[in-house]
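Chain lettering (A, B, C, D and E) follows the sequence in which the chains are written, and residue indices restart at 1 in each chain.
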Amino acid sequence: MSMTTTNELTTAAIPASGSSVLVSLNQVGKVYPNGTVAVQNANLAVTEGEFLCFVGPSGCGKSTIFNMITGLTSHTEGGLSVLGTTPFQARRHNEIAFVFQEHTLLPWTNLLENVTLPLKLRGIPRKTRIEEGQRVLELVGLKDYMKVLPRQLSGGMKMRVSIARALISRPKLLLMDEPFGALDEITRQTLQDELLRIWQQDKQMTVLFITHNVFEAVFLSTRVVVMTPRPGKIAQVVDIPQPFPRNETFRTAHEFSDYVRLISGALQH
Amino acid sequence: MSMTTTNELTTAAIPASGSSVLVSLNQVGKVYPNGTVAVQNANLAVTEGEFLCFVGPSGCGKSTIFNMITGLTSHTEGGLSVLGTTPFQARRHNEIAFVFQEHTLLPWTNLLENVTLPLKLRGIPRKTRIEEGQRVLELVGLKDYMKVLPRQLSGGMKMRVSIARALISRPKLLLMDEPFGALDEITRQTLQDELLRIWQQDKQMTVLFITHNVFEAVFLSTRVVVMTPRPGKIAQVVDIPQPFPRNETFRTAHEFSDYVRLISGALQH
Amino acid sequence: ACGNNNNSAVSAGTPEGGKVSAKVTTVTNWFAQAEHGGVYAALEEGFYKDAGLDMTITPGGPQISATQIVASGKAEFGMAQADEILLARQNGIPLVALFASFQTNPQGLVVHKDAGIASPDNLHGKSVYVSSGAGYWEYLKKAYSLSDVKQMAYTGSAAPFLADSNVVLQGYVTSEPFEMKNQNVDVDFLLNADFGYNPYGNVLFTTEDYLKKHGDVVKAFVEATAKGFEAYKTDYKTINEAIQKESPDMTTEKLTYASETMMPLVFDGDAKEHGVGYMSKERWETLAKQMTDTGLLDKMPDVSEVYTDEYFTK
Amino acid sequence: MAKQWVPAAADSGRRLDTKTNSGSSVRNSQKTENILLKTFRSVFPPFVVFLIVVGGWELVARAADIKPYLLPKPTDIVKAAADNWSNLMVSVGTTVSEAVFGFLASVVLGVVLAVLLAMNKMIEKSVYPYAIILQTIPIVAIAPIIVIWFGAGLNAIVIISFLISFFPILSNTLIGLNSTDQNMKNLFYLYNATKLQTIIRLRIPAALPYIVAGLKISCSMSVIGAIVGEYIAGIGGGKGGLGYAITVASTRLQTAYLFACGLSAAVLGIVFFLLINQLSKWLLSSWHESEMRN
Amino acid sequence: MAKQWVPAAADSGRRLDTKTNSGSSVRNSQKTENILLKTFRSVFPPFVVFLIVVGGWELVARAADIKPYLLPKPTDIVKAAADNWSNLMVSVGTTVSEAVFGFLASVVLGVVLAVLLAMNKMIEKSVYPYAIILQTIPIVAIAPIIVIWFGAGLNAIVIISFLISFFPILSNTLIGLNSTDQNMKNLFYLYNATKLQTIIRLRIPAALPYIVAGLKISCSMSVIGAIVGEYIAGIGGGKGGLGYAITVASTRLQTAYLFACGLSAAVLGIVFFLLINQLSKWLLSSWHESEMRN
């Protein structure tokens, strides 16, 4: 079994050879104004084309790391670079997309409008917007609900709309904060497969993905970042050097359960 | 293997012998004003002391059934009785508690106040409220956050506060809509164990529980209700006649995976 | 100097000895000013007290309607122009005029000296700021065919007048010329009385009901007020000081100017012969006819009910 | 086992679920009936209260023999209105047009200014105090200047109506624009929206409930503004509005007609309010709690 | 590979995260400096605008030789205020007390009535139109009655101030009470909360942003109301408020003093507003977007 474990320092130092580093955290720390130390000494280098999963107990600082990467909150220690620039500059490239932990849909407008919002903000013409909107809504199984307002949806359906909105802009860097948490197993697996397909199609896309499901983390990612709480630290980064496309065979393979057990162990630690 | 599957009609007709029926659905249907048929011909009798899990694909009507049982929405067909009376009367007994799919915390007040709200509404004195509040916050691992406002919490922490609030009132009937969806595996398992412990302590408590996690459903419940979408129907009710307390031994037992496979099969169908 | 006596009417009575004893209130038609001099003199010099009246004087204001306050019984006596009393009676408010402060009404129009306006005939094409609904303006409009005059709402500000020499402003001969002189504006004054419209000014009145029930109180009031005006004529300087206490923003010069200007308007005419405050049937009839002609009154009233002169015995 | 079956849609409990109305399994003919019943139910209570208020007023006035010049009876007022009907209608017409112009100016300038202020804290801090001055400085104090600069009559009146009704819209809109949900602002920020896009596509729609609340206050204030304007800067004569009519009735001591004018103004205010209310329903009913059917 | 390291808390990008301020890793001494700087920043821009406005006014007035009785220069106004300082202060004092009483009455009655209306749709439908009438009926029309019923002076003035400032609070509070999030209403409903509990523990706190928006409008309107009240139903004399002073100054052609009074009223309005603003900050800053620091 070719399982490698790198600790945070070496990971930051040695990016995967050849590809460029998209996101890099160098001893990053975050203290909220009320004194909560949410993240401490985080080191990480994400190279282009990776699929990186974050796992860790509730409240360990996963969302905080995402917020620092997107520039929604500033880091209070260390250095941080995204797409080769500051987080605040990076978003200007229009190459980042994300799914928030809580679906954020505009209540006054229908699903199609909600999903095509990123295109509208970029001034893409209406016809393209509708086409693309239909495409991604189809992807998440909500094509029939195009004209429906968000409040008429179930919890899982709202989350799927958020996912569709993130996928519509064909981003270079995609951040997803527990996107499949509210979904049943089947919908979840369908979307996992879709996500991997999209990611593979376009080898340029890099995905950062928060999940509570260790199976999901192992199934999807090239590397899994395991975090520990209080203060949030990166405990371990586990490589999953298994070939893509992955399918049911991988899910039932011995390596799969080995990885799961390894990560679960790191979490329990 | 002593696995029994009863279809919806017989389930409604034959409640478990001896105990009284707490919730009963008789050919219940729900059509939303916009024409969506959310639930159709649902038959179900929940007897006292049961732990009933609902599984089913996103948007199949699980939350809608909960809303009808709590009287938040009216059923448009069939007959429905809760605690031997109408859903609208039932809540007056102060014996129902619930966790919504989306955490519903009052943003202007701290966790302790949020968690003790049900007691405050019943006029329980402050001292008892604080004691009970600390007890349940401890249960969900948030005792240190008593004085914190909800917006300073992570997604999973907010959900745990909602759970604590439901547990504080020691209800007779507890409805939980995907309470553990936003939680990591460890927190989830801790809370599962806690929930089962509380449920067993007081053999009178009946739990209705929505989850997307088939493992969780099998581990927790005495019966699993499998739903299918469009229009939402109860496809199958699976008995899990396994002894409590359940623990890791059960999780790794052969029966466990058999149940999981059976239910997953019913879902895929 | 404020507050109303709700029970004053009840306390009015005539104890043995024929001397009245009553607690009464008079509402004037504006903040305390020289034009009210007679009433304040009667109060200051103790004439009301001597007559057995425990008098309170309540100053009026822009929207304080003395007619309504007296009609409601919150005060016994009020002050208004003669035409207002006729209007009040037409609208069912049974007022009776008791005493006319001004034989000649001080109201009129202020005009710029260089505008060359000597009579309402010259008003064509000008803008005139008058209180909406004022009786004299209806009369002038009709009598001088002034339909092409631009009529504007007067709200107490003289600024539009200062800004434009084609503007004409309503005013009191006792006040506005003085203010304009202070601003170095040369003005002329067209007194309404000189052009045919001369209702008695600042008429003191009460209700028919009160008059019937408390004739002796009314008599005492009228006599004391007349004495007050006589006293004011000679001693206006001291009384003005009392008025200044009520209206501290009034300057002595302004009060003096007003006092001096008002004396002939109060004491000339019929007052010379019959005493200050006197009213004649002819004058009331003339006014009633003018108001009927302009449509302010629906029909000629019986003027003998409008006023009483039984307290003028001279 | 005391089980009690509840037939569908026959439960009388309080329904919090605004998503449902009377239940769509009901047949169509019944629906029409329901609508009639609903209209009746919504019109009936105010009507009853109206009858009680007006009837009580009439009775008390008659019983206590309140003089009509102090407080006219409803019948007196109706008679006065009928006697002067054509005058009254001319006055109402004049006031309506002034109020509408004033209100429109308030809406446009109030919202536009609020947007400008919301876009920049610095501008807000510098300019907002002057907006408060505009609202607090007594109109009587500046009326002469308004008249001199803009001319008496319609212009001045519209400006006064604007000055009086403008602040509630500005203030409410500004607070609304500043109340946008942080998550949604983050969404727009991350999708690289320009300030203008954020305002138009997010902050204004999200502020609509506040804006509409401002409109509801302002619409009737614009009527008051028009009347005050007529009162202090109006032109007398034939085409005077309600403000002029009120002054005249007041000096002429025609209390009943005065009340007729005053109540006409109130009715105008209510009509304006109901129109805005409809607008509010139309804008918000599909998504905001404040206007959802229940 | 053009990587650019960003040191912590030194990024100048727009910060949407209201949760953070300048970063708490900064040392304490720097913090104090920051506070000073912030105060300076928040005071400076309005001050500059003030200078520009007043200076511009003075210059234009001098250059265009605008007559002081039309639009007095700032220096004229200051001089007039200084000359009449003690009178002015007395007037301001009187008006302040009237406005405060009127405003307090508005707040209490506005909120209480809104709560009553919010608790029952039927009452709302029946009573609300009369609230609109109260706000729309021209004060001049009913002033004589107010004076007769409540007596001229303080009583009448406070009532007029109340009538003018009451509706914004009522209207905003009502809309706020009706805007409560459906999920939270469900929560209270299921926990069997009484109507009163729901109002007190849920709907009023949730409506606070709207209520405060109403207060912000009303507070300066209560000043206007007091002035209108004095103008209409005031008593003159030594203790007259700003409304009286304005009437007198107006008839006396003391335009500069008239403006001094008008501006005093405006300043009063601003002071009231700032007080309410502080209250709003204190009530909402911990949880509502509209008052979070950023």
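As a working rule, a residue touches a chain if its C-beta (ideal position, glycine included) is under 8 Å from a C-beta of that chain, and two chains touch if they have at least 3 such contacts.
Source: prediction; values computed, not measured.
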Labels of chains that are neighbours to subunit B and to subunit D: A, E
Pair joined by more contacting C-beta pairs (A-D or C-D): C-D
Relative to subunit B, chain with the most remote C-alpha centre: C
Far-end chain from subunit A, centres as C-alpha averages: C
Whole-Å gap separating subunit B and subunit C, where each centre is the average of the chain's CA atoms: 85
Between subunit E and subunit D, distance of the C-alpha-averaged centres to the nearest whole Å: 19
Between subunit B and subunit A, distance of the C-alpha-averaged centres to the nearest whole Å: 29
Length of the line joining the C-alpha centres of subunit C and subunit D, rounded to whole Å: 42
Shared-contact residues (touching 2 or more other chains) in subunit B: 32, 71-72, 102, 152
Residues of subunit D touching at least two other chains: 14, 16, 19, 70, 140, 144-145, 148, 186, 189, 231, 247, 250, 288
Residues of subunit C whose C-beta touches two or more other chains: 63, 65, 68, 72, 155, 157, 159, 163
Partner subunit B, residues of subunit A touching it in the complex: 32, 34, 36, 55-59, 62-63, 101-102, 148, 152-157, 160, 177-178, 181-188, 212-214, 264, 267-268
Touching residues (chain side subunit B, partner subunit E) in the complex: 70-72, 91-92, 94, 96-98, 100, 102, 104, 106-109, 117-118, 120-122, 149, 151-152, 169
In the complex with subunit B, residue positions of subunit E that touch it: 19, 183-184, 186-193, 197, 201-202, 205-206, 208, 286-288
Parts of subunit E lying in touch with subunit C, wherever the complex brings them together: 67, 69-70, 87, 140, 143-144, 147-148, 151-153, 231-238, 244-245, 247-248, 250-253, 255
Subunit D residues within the subunit E interface of the complex: 14, 16, 18, 42, 45-46, 48-49, 53, 70-71, 122, 125-127, 129-130, 132-133, 135-138, 140-142, 144-145, 148, 167-168, 171-172, 175-176, 178-182, 185-186, 189, 209-210, 212-213, 216-217, 220-221, 223-224, 227-228, 231, 242-243, 246-247, 250, 258-259, 261-263, 265-266, 268-270, 273, 288-292
